[in-house]
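Shared chain: subunit A. Partners: subunit B in the first complex, subunit C in the second.
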Partner chain A sequence: MSVMTYNGAAIIAMAGKDCVGIAADRRLGVQLTTIATDFPKIFQMQPKLFVGLAGLGTDVQTLKNLLEFRMNLYKLKEERDMSPKVLSHMLGKILYSKRFGPYFVEPIVAGLDESNKPFLSTMDLIGATSEEKDFVVSGTCTGNMFGMCESLYKPNMEAEELFETLAQALLSSVDRDAVSGWGGIVHIITKEGVLTKELKGRQD
Partner chain B sequence: MDTVIGVQYKDGVIIAADQANARSILIYQSNLDKIKQLTSHSAMGVSGPNCDLVQFTEYISKNLQLYELRHEGTKLSTKAQANFCRNELAVALRKGPYQVSALLGGFDLTTQKPSLYYLDYMGTLQKVPFGAQGYAQYFTLSTMDREYRENLDETAALDIIGKAIHELQSRFLIKQNNFIIKVIDQDGVRVHSQGADPADT
Partner chain C sequence: MTAGSQMNANNLHEPAAGFDFSNYLRNQNLLQTDGAAPKLKAKKTGTTIVGTVYAGGVVLGADTRATNDTEVAERNCEKIHYIAPNMYCCGAGTAADTENTTALISRQLELLRMDTARPSRLVTAVTLLKRMLFRYQGHVSAALVLGGCDLQGPHIYQIYPHGSTAKLPYTSMGSGSLAAMAVLESSWQENMTEDMAVQLVQRAIGAGIFNDLGSGSNCDICIIKTDGTVDYRRNAVKPNELAPLRAQVQRSGRLNMRPGLTPIIKSEFKPHPVVAAGGETAMEVE
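Let's turn to the complex of A and B:
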């Protein structure tokens, strides 16, 4: 039994033309039993900043609370919003601070920075960060997701096309993974706002 | 080994649990009450080693009572109670974990809505319409998936619990004769039925 595959997760984030999208599956399982089909793994930290957390359910929830707390503290002290890059670095430091007793999550940060340019980053459970220009994936079926993204992705997609690409990449990836799936949720962030859509795929 | 099952219906929540207190091949007791009342309108059905069950549930219920005493009788919502439990479990996980898996059900008087929360021993929290802990998951979740609908009434919800218990008693290897069933609704927490009276010493 691996702690990283205990609850199951699949998260993809992609960059488009002046927009980013982040998508996740909705399953909460205990190994092969499904407990719920509406478990949130993507959290809106700010109007144009989302964090996706894949891994052990309890640590997803703990880290979400911890991030919100640290973000609120930052906003009170700095009197400004946190940029995606800063959040990503802070998250990396939080994870490394537990180097020898880590949080079992592999997060994704997706958002638009102050000049509405897309920002994507991912890291492992001890905070090794990687910023990307095209797409980032995390979860129990990263092999599948990398394959789907590599073939479906085109640079500079508009919001509508980005949504389609993300949705198809996610659904096809989770269909071949036993512990992720049971629906999906997609958020597309543009400078106008956020569009959220729920996906219905194979319910197994 | 412990069975805890819960179903939410239109005006309340029903939680059922087996009454055995056992370790290895020995049953110490068969009239244990594993559904601990937390506040006037909430209760938590728990599964795990007896020491952790007692320590955890008493710690939570006393802290919730303390909150009400300190805040002039303000009651915490079921969501707040569930999140408090989650936090305690998550913090304890990396120090000295409580091996307690729970189903927390409550009725909020302010919103007149019931809610049921699945809480596992590591601190994973999820609001669910129905749920089960332990081996019972493998036997009862599919029956509850089939029978559950929105806006059930109390009789229908009790019927679903009955079907789930029946499934366990016919197919689960461990014989669980006694079940205690509690209903949480507008009027509070009450015992609907019990296999054996926990008060018998």
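Let's turn to the complex of A and C:
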């Protein structure tokens, strides 16, 4: 089994009207055996800035710690919060520095910038970044997720509708992928706060 | 010690410069346990890129599709990278490599301009690129078409991942290079006007977009003139515009998600912490 499908993951992030949502499955597996159904893949780096990490579980955790470390250094030096664009670029550079021995992770950065406008970006495992205005996907069933997003997505959705759309896109995608699923978690970030919901999904 | 950082007297935990090979051995072991496909999928740019010289400068063209194996990762990516005010570079191959290599050389050239107080020359950029790419023996997979105008006139260079270069009046690179070259070979002339050159490049890229599966979406054009002006036309031609087609499709009512549709186990709302307004107050000294 490929190293990128060893643990299994599915992450989608979508932009709405002055809000962003990011959703992930909860499974941690060792090839086809499930060993946890509460494995976190989305991490809140700042009140309005989330990072989703899909790929090899150990690198997900290592990279999360490394990102937090570099972010804290930045905050100490600069005395201000890190904007989503800066985090995205920094993550891209960290991944590229390991070009010939990469972290097996394909991250997604989702957040609201200083003017509360949505920011979405994704990158491959060596840091080639792309910013998108509508949605970004990452994980073991990207084909499914692209299909669901292209069908369900509408621009300028409010938080409630964005949640339902994200949740349905994620659940339908992971149901056709053996190594991802076992529940889901969705975060909707608005300028007021973060709405987090745990989804009831198929446990198979 | 956190990966990718070094201690030194002045700056604790400064990130190390250059490539970091500390995960190399671990990754070799991990990849050996792989079943059929030990190759990792990094985003490639598939690509059709062309460059041509004309009477008043150079014209560069590129498609805008980035692929992950056969999946389209980005429909409208930018493949024409800024190198210097008078130079741009189209990149094919592994996306991360083309981005970072062109950015690195661009910054080296800027430092050199500060040192020498002169505009950059194409030959300098070519030499910097080829020296770096040869050093990495082709493992940095960046195939480039570099074009620009300097004091010696307009130039187009092609640079291969292993470090070989060629100076040409017109060239194409990438998976769609054969389709583009077919157009260039049949229609290229010396001393074209700007319009002729732009039309030629658009047709060449179009040949790549429609005939090569690794290239697609739109065509970007960049015109660099000998008088120093640059005309960067992002999405100059959009032959695959989806919006009119999509507007005709009736979106089914079933796709509108009503609130409460998805079953939920737990729901929680956390308001953002309030940041005290006003910032710092001046220290008062009695």
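Just so it is clear, the second predicted complex is superposed on the first by the 204 of 204 C-alpha atoms of A that agree within 3 Å, B and C clash if a C-alpha of one lies under 4 Å from a C-alpha of the other, contacts with A are read in each partner's own complex, and residues count from 1 in each chain.
Operating definition for what follows: a residue touches a chain if its C-beta (ideal position, glycine included) is under 8 Å from a C-beta of that chain, and two chains touch if they have at least 3 such contacts.
Predicted, not measured: the structure shown is a model, and the values here were computed from it.
**Student:** Using the superposition on chain A described above, determine whether A:G101 touches subunit B (first), subunit C (second), both, or neither.
**Tutor:** A:G101: touches subunit B and subunit C.
**Student:** Using the superposition described at the top, determine whether subunit B or subunit C touches more residues of subunit A.
**Tutor:** Per-residue touch count on subunit A favours C.
**Student:** What is the contact status of A:I126 with respect to subunit B (first) and subunit C (second): first, second, both, or neither?
**Tutor:** second
**Student:** If we overlay the two complexes on their shared chain A, which of subunit B and subunit C does A:E192 touch? Say first, second, both or neither.
**Tutor:** second
**Student:** Touch test for A:Q168: subunit B only (first), subunit C only (second), both, or neither?
**Tutor:** In the superposition, A:Q168 contacts subunit C only.
**Student:** Kindly classify A:K48 by the partners it touches after superposition: subunit B alone (first), subunit C alone (second), both, or neither?
**Tutor:** A:K48: touches subunit C, not subunit B.
**Student:** Using the superposition on chain A described above, determine whether A:G147 touches subunit B (first), subunit C (second), both, or neither.
**Tutor:** A:G147 contacts neither subunit B nor subunit C.
**Student:** When the two structures are overlaid on chain A, which partner does A:L28 contact: first (subunit B), second (subunit C), both, or neither?
**Tutor:** Only subunit B is touched by A:L28; subunit C is not.
**Student:** Identify the overlap between the subunit B-contacting and the subunit C-contacting residues of subunit A.
**Tutor:** In the superposed arrangement, which is not itself an observed complex, subunit A uses residues 56, 62, 65, 101 for both subunit B and subunit C.
**Student:** What residues of subunit A sit close enough to touch subunit C in their complex?
**Tutor:** Against subunit C, subunit A makes touches at 1-4, 47-48, 56, 62, 65-66, 69-70, 73, 92, 94-104, 124-130, 132, 142-143, 146, 151-152, 154, 160-161, 163-165, 167-168, 171, 183, 191-200.
**Student:** If we count contacts the way the header does, which residues on subunit B are in touch with subunit A in the complex?
**Tutor:** Going through subunit B, the ones touching subunit A are 86-87, 89-90, 93-94, 118, 120, 122-126, 128, 131, 137-138, 141.
**Student:** Show which residues of subunit C lie in contact with subunit A when the two form their complex.
**Tutor:** 2-4, 13, 15-16, 18-27, 30-31, 33-35, 37, 40-43, 66, 68, 71, 73-74, 77, 94-97, 99-100, 139-140, 251, 255-259, 261-273
**Student:** Report the residues of subunit A in contact with subunit B in the complex, numbered from low to high.
**Tutor:** Interface residues on subunit A, with respect to subunit B: 7, 28, 30, 33, 35-36, 38-39, 56-58, 61-62, 65, 101.
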